[in-house]
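I have placed the structure first, in the form of structure tokens, so that the comments after it can refer back to it.
Each chain gets a letter, A, B, C, D, E and F, in the order it is written, and its residues are counted from 1.
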Amino acid sequence: MNNPEFSNQALSHVDQQGKAAMVDVSDKTVTQRIAIAEGFISMSATAFDMLKHNQHKKGDVLAVARIAGIQGAKKCSDLIPLCHPLMLTKVQVDFELIDSRNSVRIEAMCKLAGQTGVEMEALTAVSVAALTLFDMCKAVDPAMQISGIQVLQKTGGKSDHLKAKNEA
Amino acid sequence: MNNPEFSNQALSHVDQQGKAAMVDVSDKTVTQRIAIAEGFISMSATAFDMLKHNQHKKGDVLAVARIAGIQGAKKCSDLIPLCHPLMLTKVQVDFELIDSRNSVRIEAMCKLAGQTGVEMEALTAVSVAALTLFDMCKAVDPAMQISGIQVLQKTGGKSDHLKAKNEA
Amino acid sequence: MNNPEFSNQALSHVDQQGKAAMVDVSDKTVTQRIAIAEGFISMSATAFDMLKHNQHKKGDVLAVARIAGIQGAKKCSDLIPLCHPLMLTKVQVDFELIDSRNSVRIEAMCKLAGQTGVEMEALTAVSVAALTLFDMCKAVDPAMQISGIQVLQKTGGKSDHLKAKNEA
Amino acid sequence: MNNPEFSNQALSHVDQQGKAAMVDVSDKTVTQRIAIAEGFISMSATAFDMLKHNQHKKGDVLAVARIAGIQGAKKCSDLIPLCHPLMLTKVQVDFELIDSRNSVRIEAMCKLAGQTGVEMEALTAVSVAALTLFDMCKAVDPAMQISGIQVLQKTGGKSDHLKAKNEA
Amino acid sequence: MNNPEFSNQALSHVDQQGKAAMVDVSDKTVTQRIAIAEGFISMSATAFDMLKHNQHKKGDVLAVARIAGIQGAKKCSDLIPLCHPLMLTKVQVDFELIDSRNSVRIEAMCKLAGQTGVEMEALTAVSVAALTLFDMCKAVDPAMQISGIQVLQKTGGKSDHLKAKNEA
Amino acid sequence: MNNPEFSNQALSHVDQQGKAAMVDVSDKTVTQRIAIAEGFISMSATAFDMLKHNQHKKGDVLAVARIAGIQGAKKCSDLIPLCHPLMLTKVQVDFELIDSRNSVRIEAMCKLAGQTGVEMEALTAVSVAALTLFDMCKAVDPAMQISGIQVLQKTGGKSDHLKAKNEA
């Protein structure tokens, strides 16, 4: 990085030689941390109608995706090599069916009192919930697309930030 | 589903009452199955430059994401509730750095001789690799976005399809 | 062992010295195997009414337990030390609310084409589904009881058997 | 819940709409929590005799079930979707062979200093230990039954309770 | 690689660019494969005496290590990134107490009918059993050493080999 | 143990009857704990040259082993039955290529603020990294040997110790 503009910035998960390195959070303060992430899965009108129909019938599709998302958040440090194991105190996964775009918006919120942020856990919850919806709808529309996965809000750490809700 | 147009279509992962149901693949033929999926992570110019710099230095960032993606494919049935456990014979994860858009394209290929397709495994590999890149670059750009996750190709089953490479 | 009638019987999972031993299934025939298991969770009238109310509202309680049971079946060889890893082709978990006894009957069915039976997988699905119902209802009734977990049917192996449905 | 009798009670693991929801324990006090659970597996006289014989020979059967139970307690949040990940400080699994009923009583105790009770961990330890005994004895008696799984004692939280030992 | 003698040899788990690559076993024949591995843990006379005493009392120490080794073999593809998931048909772990050297010899055998060898599974079983012995004896001797982990025999593949038993 | 010389010593992971028992760490102080472990894998000159060549080309071999080691440390309590689940705050895995002996030295360091030491986590990281190197080099040299796995340093608990670097 010879550009002085970002001389005080660096990838946090590699060492001086560029080798993979878990961040040492031993000396970070334990604070209440919250992160919210979102993502979208868009599908054909037919698949979307079937998903809505299942929801109207109070079928299980969204429940399965919600559970998968919650379980996914708990597996984050097993999936992402340099993530720390954490004891989440709350995971919430919500869905919004967006008729105008035949897409489902997924939002996940994670909380813990700990030494490191939980945005990766929230992003993992969103991703796994999206993959689960893909799995359950793929017989009807194999050409679905998952997109717009990002962090909306992160509080409790040094680098809090708040992002406008994605209009994708 | 009162629309006769798709009367012979249905969500495969719910029963008549809309309840979650694993598809019974007991009587499906064992064939050689391949699936290819892709996805993108876009970031700031600064983060992208750092990622490129790490790659030029032959640092570990892409290697970590590749390993995470391969391991993610193997964990698919643990993450996605109605997926069948499978014995993948090959998983490959590749990256392409797209300068014009400060984004990384991730492509995953999965293979097995089995009774069910492997597109969920390929999509999971892409998703976990993308999340791992997010994790390693988030200190520089917390506003990255993961998008364009979709199946490019699926062969070996009844519903083969081939999609043009995403220009997203 | 004082009964000579079954002197050729032995615990299959220990060796001559009584030491733990995984059964060698290398030479067993691959056949289509099915097992069905059941179990019950009984609770207070109040907890049972709430569970019924949730079901009437098409709430998620049974869906969560169903998913947990299906995932539990897939984790069987990870939980039970001497079980073989298997590639289940189908897992199904059903619930029956028994008003007369304020209890829920759980039935799980597992299938695979393989060299060893799947009754442990079906029993694990029942157990994990029952534990999940316990978890979700325990705030209302911490004195619930799980009982009557047994194999109802097992086919495809040398020792098929069929049991009358438990009237417990 | 329109019945005023239990208007101040509710299933803790679903939201107002009956959807699955992990309880938020972020603001609960960290206290020393202990839970004890029990369960039984009953079998034929022949199987019970073989189990006793193995124990007399100091064989591994109970050791395998004990280890499986301890490991099961540690996997609780992976098995039960809405359970929080916890850092257990102690798990103990004990067995009592009850000659008069050809059954084994399993008792598990779990401890931690944390924000949520550990009765699900103790119940999971009992269940997995029982399933492991089933697995190891099923060649001799495929008609065994697991029953009487319940919480005996729970301390350290708001809703402590103590139950008389099950006479099943 | 400037030595022409082994120009047709290469690390099998990296591609032409040296990047991590899972071997494609899709076209390999399914054969009966067996691998045997061994390893040693040496300790102080005091720790070794206690281990022997536990064994004489028919205590659980070796049983715990045996179970851990068997479970470890089943987790191999989860631990070693480029290993294929396999369905082992048999895992066996044995111990030999070597008085003359205050050490324990661990031998593990793995079997399956599959497309790839099982030496990594056998080595993992040995390693995890050794680590478990270390864990259980470390209060008495924290300076133990694990050594001599190697493959003794591998059959069923193209590259069978047989090694003299380690005299380490 | 009737030898008075070590009457105040005992295997910590078994009870009075020699049965497996997880140590109760509920009342131990939370302190900053660090452990460092090492191990070696020795191979043929050919395999070692290929490994060096891969490293010179900045290939992925060491990166894969490093990631596997870090992930292994996080899985320690899942692998070793009587280990407590822990929330590691840092894991680091380093490699040293020793030309004179055609061997690779692996060193792992683990940290956490907790009630129990982390030497098993460091030893597991070393073991899994060594197994991963074995997996990636075994096509060239199936006769490699893993050895010299031991704890170099342990601080933060009652039984701190420091060992001279292994010259094995």
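Things to note:
Everything below uses one rule, namely that a residue touches a chain if its C-beta (ideal position, glycine included) is under 8 Å from a C-beta of that chain, and two chains touch if they have at least 3 such contacts.
Every value quoted in this text rests on a predicted model; they were computed, and no experiment measured them.
Note on connectivity: the fewest steps through touching chains from subunit C to subunit E is 1. Touch-path distance (fewest steps) from subunit B to subunit C is 1. Touching subunit C and subunit D together: A, E. By residue number, more than half of the contact pairs of C-E reappear in one of the listed pairs C-D, D-E or B-C, namely B-C.
Pairs B-E and A-C differ in how many C-beta pairs touch across them, and the larger number is found at B-E. Fitting subunit D to subunit E on CA positions gives a rotation angle of 180°, reported to the nearest 5. Averaging C-alpha coordinates per chain places the centre of subunit A 32 Å away from that of subunit F. As a whole-number value, the distance joining the C-alpha centres of subunit B and subunit D reads 37 Å. Counting only residues that touch two or more partner chains, subunit D has 19-20, 57-58, 60, 63-64, 66-68, 71, 75, 78, 81-82, 85-87. This structure has the following touching chain pairs: A-B, A-C, A-D, A-F, B-C, B-E, B-F, C-D, C-E, D-E, D-F, E-F. Contact residues of subunit C toward subunit B in the complex are 32, 63, 66-67, 70-71, 74-75, 85-92, 111-113. Contact residues of subunit F toward subunit B in the complex are 57-58, 60, 63-64, 66-68, 71. By the touch criterion given at the top, residues 19-26, 77-78, 81-82, 84-87, 115 of subunit E touch subunit B in their complex. Of all the residues in subunit E, the ones that touch subunit F in their complex are 1, 3, 6, 9-14, 17-20, 39, 46, 49-51, 53-54, 57-61, 63-64, 67-68, 71-72, 75, 78-83, 119-120, 123-124, 127-128, 130-132, 134-140, 142-151, 154, 159, 161, 163.
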